[in-house]
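Once you've had a glance at the structure underneath, I'll fire off some questions.
We call the chains A, B, C and D, going by the order they appear; numbering starts again at 1 in every chain.
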């Protein structure tokens, strides 16, 4: 088991774990976490397979750095949207049923 | 000996990820996710990919952690404690089978590819032409400069997208005040902000300068700067700027714009993003120094989130929460 | 095994001992304040000793200066975080048994 | 001698695992963030030790960034938890 394979296999399991969580978790913030785990898994696969005996391949490293930055940008957008959705839900619930009654979906 | 380190680290990464995903309490999930990000940074150190480790520790554990903590707090204030409703057993069983199959296929594919540093040999002879030694920076800013250019626009695009989520009529307001309400905490955070911002600036400048020869670079530096800006905002040392401040807009666009202009200037030397012979290092440093300022400002504002506090428009009172 | 190697091993051992103590303290101590104690003090001393061992082993002054910087920032960060967490623990404490009264 | 440092790295990993047990069991949010911070300090320790084992000074930059940004996450937690009651944007 070469070092590269150990990390690449971890990446594969992480991708599967994240995918399973994305499917089964119902809350959007948790799904955002799950997507980040899938991304991290794929990055580890790329990095692991680029780890030769003597040196580490700079190409997967560059791709992964770009991937991490884009993942953070989209996580920020995802988090902002989730909070905005919650605010809209609270606003519509207050508007439709100010006296309590059946809570919104 | 190194085998033991890698295997234990990988097991801990899987454990931290599993707990981060399936623990009930939202804050525990985020705390484990931050630990997961830190452990990933160690995985990249284990792979001797220090450039990526810097990015993972700074971005993965730092910025994403802060982002999720603030998002959870905002959801909590809206009465949503981000715990999951249980899904049906059928869905769970089906998803488990599908994902297990997916992992097995992926693992088989991964094991069939022998890890070797393939393109390292292709990149090595081209490095002296650039005048820099860090091959990852060489790939990022010279051989694959196109990807990095697009990436800097993606970051800007994400900020525009987050700003577009502001309630109608709040433009051009400010993001929610990040300040701490509790006075003793505000003082501690403010003094930490006053310490961290200059240190973050020096650290970021060092990372960009060193980035051409040793691991570092504009994105890692930008993240350190964003961390300093965030803490100063939380401590009240600096206020969050209005979105339409000209100075802010220049800072946000500076990096991508300089990158694009240098790329267009390359047309005279043979093609888009081709650096003139012999002055590649100067071009790369010019790009990186303008880029890290934009990235720092953009990441800090991405964490601050959409505008909430409207600006008293002299024409008509823009109330803060007009129903959208 | 020259003298410096022995010193490096001794420092490394002591550093790891403090790290272990800090982690175990975080696990075994009864309440938040004492856990904070373990987190801030034991761990940073452990880091300091491990950093010293690494600096001695490395041998170059520039690297030793950078290691000292790492330890300095870690100590400053520990000071800041323990202040914030202790304050937060007290706020949670007052809020829990005097519910409804915002501090 | 490098093997001793790699062994130290393994030991530090275990101390991070112990800290994460507290994060799992921690009753309140403060314990959880404390455990994440302890894991962060452990990661810094491993970065320094791994750097010594492989004589790679760049790993110290990773440790340096780790120290600065771990405290940023705790500051964000302190700010967000300081007033869970009302709306965080100060409308009270």
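FYI, contacts are C-beta pairs under 8 Å (C-beta built on N, C-alpha and C of every residue); 3 or more make two chains touch, one makes a residue touch a chain.
This is a predicted model, so every value here is computed, not measured.
Chemist: Identify the chain pair with more contacting C-beta pairs: C-D or B-C.
Modeler: C-D
Chemist: Looking at CA centres, what chain is most distant from chain C?
Modeler: A
Chemist: Taking the mean of the CA coordinates per chain, how far is chain A from chain B in Å?
Modeler: Centre separation, chain A to chain B: 13 Å.
Chemist: In whole angstrom, how far does the Cα centroid of chain B sit from the Cα centroid of chain C?
Modeler: 27
Chemist: If you average the CA atoms of chain B and of chain D, how many Å lie between those two points?
Modeler: Roughly 18 Å separates the two chain centres.
Chemist: If you look at chain A, which of its residues touch at least two other chains?
Modeler: none
Chemist: Considering chain B alone, which of its residues make contact with at least two other chains?
Modeler: Residue numbers touching two or more other chains: 2, 46, 48, 63, 70, 72, 74, 78, 182, 185, 189, 192, 199.
Chemist: Specify, in ascending order, the residues of chain C that touch 2 or more different other chains.
Modeler: Expected reply: 73, 76, 80, 84, 87-88, 91.
Chemist: Return all touching chain pairs.
Modeler: Inter-chain contacts occur between A-B, B-C, B-D, C-D.
Chemist: Could you list, by residue number, the parts of chain C that touch chain D in their complex?
Modeler: Per the stated touch rule, the residues are 5, 8-9, 12, 15-16, 19-20, 22-24, 26-27, 32, 35-36, 39, 43-44, 46-47, 50-51, 53-54, 57-58, 62-63, 66-67, 69-70, 73-74, 76-78, 80-81, 84-85, 87-89, 91-92, 102.
Chemist: Applying the document's contact rule, which stretches of chain B touch chain C when the two form their complex?
Modeler: Spelled out, the residues of chain B in touch with chain C are 182, 184-185, 188-189, 192, 195, 199.
Chemist: Within their complex, state which residues of chain B touch chain A.
Modeler: Within the complex, chain B touches chain A at residues 2-3, 6-7, 10, 13-14, 17-18, 20-22, 26, 29-30, 33, 36, 40, 43-44, 46-49, 51-52, 55-56, 59-60, 63-64, 67-68, 70-72, 74-75, 78-80, 82-85, 87, 91-92, 95-96, 98-100, 102-103, 106-107, 110-111, 113-120, 123, 135-136, 138-140, 144, 147-148, 151, 154-155, 157-158, 161-162, 165, 217, 219, 295, 299, 302-303, 305-306, 323-324.
Chemist: Flag every residue of chain A that touches chain B in the complex, lowest number first.
Modeler: Against chain B, chain A makes touches at 1-21, 23-27, 29-30, 32-34, 36-37, 40, 43-45, 47-66, 68-70, 72-77, 79-84, 86-88, 90-91, 95.
Chemist: Which positions of chain D touch chain B when the two form their complex?
Modeler: Touch list, chain D to chain B: 3, 6-7, 9-10, 13-14, 16-17, 20, 23-24, 26, 29, 32-33, 35-36, 39-40, 43, 46-47, 50, 54, 56-59, 61-62, 64-66, 68-73, 75-91.
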